Every structure is written in C-alpha cells, then in structure tokens.
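For clarity, chains are labelled A, B, C and D in written order, and residue numbers in each chain start from 1.
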Amino acid sequence: MARKSVIPFGPQHPVLPEPLHLRLVLEDERVVEALPSIGYIHRGLEKLAEQKDYIQDAFLVERTCGICSFIHALTYCQGIEALLKLEVPPRARYLRTVWSEMHRVHSHLLWLGLLADAFGFENLFMQAWRAREEVVDLMEVTAGARIMLGMCCVGGVRRDLTDEQLAAVLKSMDKLNRQFDDLIPVILKDYSVQQRLRGVGRISRETAYERGAVGPVARASGVARDFRETGYAAYGELGFVPVVETEGDCYARMEVRLAELYQCLHLVRAAVRKMPSGPISVTPKGNPDGEYVSRTEQPRGEVVYYLKGNGGKNLDRLRIRTPTFANIAPLLAMLPGCELADVPVIVLSIDPCISCTER
Amino acid sequence: MLQNCKDVTRENLLTEVASRLPLGYRFVTMTCVDLGDAFDVLYHFDKNYELSTLRLRLPKGETLPSVSGLVFAAVLVENEIKDLFGIAVTGLAIDYQGHFILADGAPTAPLLKNPPPPTAPAAEGAPKNG
Amino acid sequence: MAKLARSPWVVHYNCNSCNGCDIEFLACLTPMYDAERFGVLHVGNPKHADVLVVTGSVNHRNARVLRNVYDQMPDPKVVVALGVCTSSGGIFAGCYNVFGGVEKVLPVDVFVPGCPPRPEAILDGIVKAAARLGAKIRGETPPPVEKPKAAFQPAAVPEEKK
Amino acid sequence: MTFLNAIFRNLFSRPATRRYPFVKREPFPGTRGQLAIDPDRCIYCGICAKRCPANAITVSKTPSKSWTLDNYRCVICGYCVEVCPKKCLTMKQDYFSPK
C-alpha cells in the first residue's frame, strides 16, 4: 500500500489570493481525502449588523465581499423591502440589474485571470484583467467607485444614470464584446487549457445536487438552477435562460462562466434599452418586523440572507449563507482522486471567495 | 411571514429531514436565532426555487442532533452553529471541536444575545509575538 | 516621484480583508497599472520579499500567520497596510473577532487609506515604502509613521458661524 | 485560431498601461474620492456622525465646536453627504493619498 502523508495547503499560498487552508491526505501523489479549515478571515459581521441600524447595514453587508459587493447589498435590500412591504420603482430595478451584471462580468473576468495564473497561462491572466479594467472603469463612471459601489439602498438606488452614461454603458459593452471575441474562442480551443481542465475535478449531477452545489458549479454538472430565473429585480422582463453544461469537470465550469460573460453583456444591453423612466428610490417608512429569507444569484451562485426584524431600527438577526460556503461540500467531493498538482486548479474552479464564506 | 415554515421537534427532526430528500428537496442552509431562553434552529430546503423551512425550537442547554448523516452539506453549518452559539451538536460527520471558525483566544459563543464574558485571560492583545 | 533605486519584491497576505483591497492590489500588477514598470514583482514566498502588503484587520486566528510571514522575510523589510481596515478596523471595527489594525501585530511603514484604495494610491504607497526600504538599507532610521488619526480637522472655526 | 489577432492588435495599438505617476488621469466626474467639509456652513448637528456606518466622524458641540474625520476609517460611502441637512459635506473627486 502506498504511504499516506498529510500535506497542508494554505493559508498563505502563492495561487490563492485568500487564505484557505486544506489538509490534504495523500497516497503518493493522489489525494484521498481533503479537510477544509477556515476562520482566517472571520470578522463577525453578523453580530455587528445587529448593532447598526438597518439602513447602515446595507453598507456593511456590501463589505462581506469585495467582488460581489453590489449583489450582497441588493439581496439585503430586497429582503428589507419585503419586510417593509416597499414597492421599488421600476427604474431602480433596472439600474440594479445593470450594476449586478457589471459585477458579474468583473467577477468572472477576475476569476478567469486567477485560474489562468493557477495553471501557468500568464498571458491569459493579463488579457483577462485588462478586459476587466474596462468594466471596472465603467462602474466608476456610473457609480463613483471601482469596487464598493454603495449604490444600493433600501427602497431603490442612490444614483441615477444620465442618457449619456447609458450610452457610454452600451459603448463599453460593444468594446467588451470585441475583447471577448478575441479571448474566449482561444481559451476554449487551446490545447494546454484542455489538458489541464478536461476531466479534472468531475462531479456528477447527483452529487452536485445532494451536496447543495450552487451557481456555475451546479450548472456545469447539469443542474439548471439560476436564481435569476425567478425574475427578481428586472430579470423577469429581460428573457433570462440559465447556461447549463453537463460534463461537471473544471472545463465545463469554465465554459459556463465564459458563456455567462456574453449573457451578462446581453442582459446589460437589454436592461439599458428597456430602461423605464421615473423615480429611482422610495423612502423607507417604519421598521422591519418579521422574518424573511431573501435570495439572489451572485457570480458564484445563490446567496441566502435570513433577516429577522423586531420592529426596531436594529435587526434581531442577520444570517448570510454565501455561495462559496455551499460549494465547499461539493469541493470536498471533487478533490479525492485527483493529483496534488491539480488541487489549485480544482479549488479555483469553484471560484472560492473565502471572505464571503467566513463573513 | 417566513415562506413555507413547518414546526418540528427534536424527536421527529431526522425523520422529517429524511422524508424531504427523496422528494427532490435540496438542502440550502441552516439558521440559528437566539430567542433569549431558547434557540430557533431553521432548516432551509429548496425545490424549484420554492423555499421550505423546518423550525426547531430548542431550549437552551439541550443538544442538537446533527443531520449531517443525511445531508453532508449540513456539516459545515452545524459546526458553525456550534462555534457561534455554543450549542452542543451530537453525531457530527466531521467535528472541529468548536474551532471551525473561532481560534483560541476568540470570544466563545459570540452570537448569543448575552455572550459569556471572555474566559481566556489573554484575550486582549493575545497575538503579541504569538 | 521618487526614483526607485531597487526593485522591491512584494509578498501579499490577506488578513481579514473583504477582497476589495486584494483585487485592487492585483489590478496594480496587471496591464493597466503595471507596477512591474518599477521593478515590483509579486512573489509567493516570503523569503524572497522585501515588502509585505497586508490587507484587512487582524483576528485571533490570522495574527499568528501574519507574524509568521513577517518573521520569515529577510531584513530589512517594510510593511504596507492597504485599506482602512488595516489602519483601524474600518467599518468592521466593532466586530468581536477583529481587534483592530495591523499595527497591533507588526510595525507598519505605510498606511494606504481608502475602501478599497485606488490603484493609484496603492502605487503611491509602494513607492513610499520603497523609499523607506532604501533608507533602511542605508542604515538610516526612517521617520516614524504618522499615526492614522484625525487627518482633517477644521476645528479652529470662529464662533458665531451659522 | 490563436491569440494572433490579439497579438497584432496589441502590437499596433498604444500600450494599455496608464503611465500613472508620470501622467495623472483626470478623475471621472462623480467619483467618490474623499470627503470634504465647508466649515462655514456646518451647524455641528452631528447627524453625519450618527449615520456614518464606520463611525469615522466625530462631532462635538461642547466645549468647542469641532468636526473631525478619521480619514483612515472612512469607507467613502457618501452616506453623510446625503443626510447632511445643510449640504456642507461634499465628495471630492481626488483620492486621499497615503501619508
């Protein structure tokens, strides 16, 4: 029998920008078991949210994660609006959709770059991040900040877009489309990319469903679940169909995200073209009372907010279940059987966001 | 106001959970709420974007039976509840012994409404040259 | 801009960060801002590095890891703290698992404010850090870092203003 | 099907890099850079301090009126600008440079 050894992976690891610690049990070069250990960036945000009032919390939850920040705030605000029975004006719903999709583009490009870095494709890393600057600049033009938009508030959004800005958005989308046309066919057909990703870290549809996989991990295994299908914000009016692949390996997960990049551009364009006029926010009245579970789709998958108000300014309980938290269990099913050198690629293929996970 | 909520007891929790899985329910997450003299432990399931919740009212001091034997995905969140609320969970598939999220020196059970005072003497400034 | 005499190699450790600063730091290395123009190289091994870039505040678990990374770096070394969380805890200052800024664990040379700091500010910070590194190499003691406190105070307002 | 297209385009176009310390880019209009106050119009009501999600602002009325911002704590959300009753807080476009 091969000799067993235990290798710690992380928390400070060249491939991971974030501290994730995995204990890998190996037989020679093959992983037989993986055990995650987290807590390196646990802050205790849920407790802090009970101490701030529900308007301030929108800024706090945005800082759960710097990559999908806007969508965190959106989920939170939708939950509070449901508790307050607020009707959000249509223009605000469309603007929220536009910013959500911009975040998704920036997140997927960021992930693509990191993945490329993990398997040693430096050129692709740089190309992806250069394309990403385009959308980050666009966020700065429209919202005033590169990452933490701070644009979603209870009752709507905080800033309106002028017609020129909307035109600039459309122009940027065309520019991004051209860049994707350069980049994406190359990645999908590249020999070395296929060598590294095909058949690696495969999980079946059943395992993915049982283990509660969400987002691109689930969709790459054939689970057609994308919370945008339920039509929150303005998604119901834009004709949304989830992207699904069936292979369930790292390559399929990449295919899903790359197809979603185009889909995001399409959604932004559709939202901008259909943008209704009118007010962008309503003033919240009263205090949240009762329980509500608010869910939306982040770039990494479905995020779940449990909100409980007690009729006061402060919330009784705020719980955040982030997509990476749900995807750790499927990750533990992917790792056994793979080779040690593939571990970084597999870990990155779920697009881990540890700061989300630990809050 | 919580969508599709159903009360369960400690005794029929496992059978209720087990009966949902063959129906195609997917485990979403668990939430624990401190009510003062008891905990609300909520088990969220999802089927076709419909949320369905089991609510377990757990008096303080009682142990929580783990559902991780049925739903492996629950193991992480059960460990988290154990850490953050100080609830003893029995039958965990992987037990982190209360160090899943919190390290030595961190406050114990910080998410309780009245968290216990820090017991570790070196809680403040513990990391000095650590 | 101060001319960089050397190429500072940078190792990055994410403490309690929300990723915002980390991705802005990575953005500095990619084509748009391209810190490699100044010889800045991002390395994974702390033993290769001169500059430690820290993002986020310190909690009970990562303080030891951070200290460990710092101790492994060869002398002389400088620490750049990115974002407001590293200075004071920022918005997370009241959290139970956050006990403040990085300065509680390490001597910090440059604080870069912002949430997250813009890549331009990060480049400024790294340039300043490199200057301090140069001073340390020459055996000088760089001036103490200004404590990140009350940076703006128009307190001397004449009375009777409405 | 290779990177050839991209390579040629990159060869014959200007470098994408912003030559930052040498050429400073104008900030976009509407960018949130740092907070500024017009002390003449401030009435020291303290609403900004109360609403600030990061507790970065302290306002005191007694013994002497003062308004203090900890720039190393401010998360630049701009919420105080919105709630200021006298509109004496503004968001400047240029970022706060490290000391």
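Of note:
Simple rule for what comes next: a contact is a pair of C-beta atoms (placed from the backbone, for glycine too) under 8 Å apart; a residue touches a chain by one contact, two chains touch by 3 or more.
Fair warning: this is a prediction, and the values are worked out from it, not measured in the lab.
Contact count check for A-C and A-D (C-beta pairs in contact): higher for A-C. Each chain gets one centre point, the mean of its Cα atoms, and the points for chain A and chain C are 27 Å apart. Once the centre of each chain is set as its mean CA position, chain A and chain B turn out to be 24 Å apart. Rounded to whole angstrom units, the spacing between the C-alpha centres of chain B and chain D is 40.
Counting only residues that touch two or more partner chains, chain B has 102-103, 110. Residue positions of chain D touching 2 or more other chains: 16, 53-54, 75-77.
In chain A, the residues touching two or more other chains are 39, 42, 44, 47, 59-60, 63, 130, 133, 148. Chain contacts in this assembly follow no simple pattern; the graph is neither a line, a ring, a star nor complete.
All chain pairs in contact, by the document's touch criterion: A-B, A-C, A-D, B-C, C-D. Those residues of chain C that touch chain D in the shared complex are 1, 31-34, 37, 84, 87-91, 93-94, 110-115, 117-121, 123-125, 127-128, 145-146, 148-155, 157, 159, 161-162. Of all residues in chain A, only 35, 37-39, 42, 44, 46-47, 83, 209-212, 225, 227, 229-230, 290-293, 295, 302, 304, 306, 308, 316-317, 319, 321, 325-326, 328-329, 358 touch chain B in the complex they form.
By the touch criterion given at the top, residues 1-3, 26-29, 31-34, 42, 44, 49, 51, 53, 71-73, 75-77, 94, 96, 99-103, 110-111 of chain B touch chain A in their complex.
Residues 52, 55-57, 59-60, 63, 123, 127, 130, 133, 137, 140-141, 144-145, 148, 150, 158-159, 182-183, 185-186, 189 of chain A are the ones touching chain D in the complex.
If you check the complex, the residues on chain A that touch chain C are 11-15, 17-19, 39-45, 47-48, 51, 59-60, 63-67, 69, 110, 113, 125-126, 129-130, 132-133, 136, 146-148, 353, 355.
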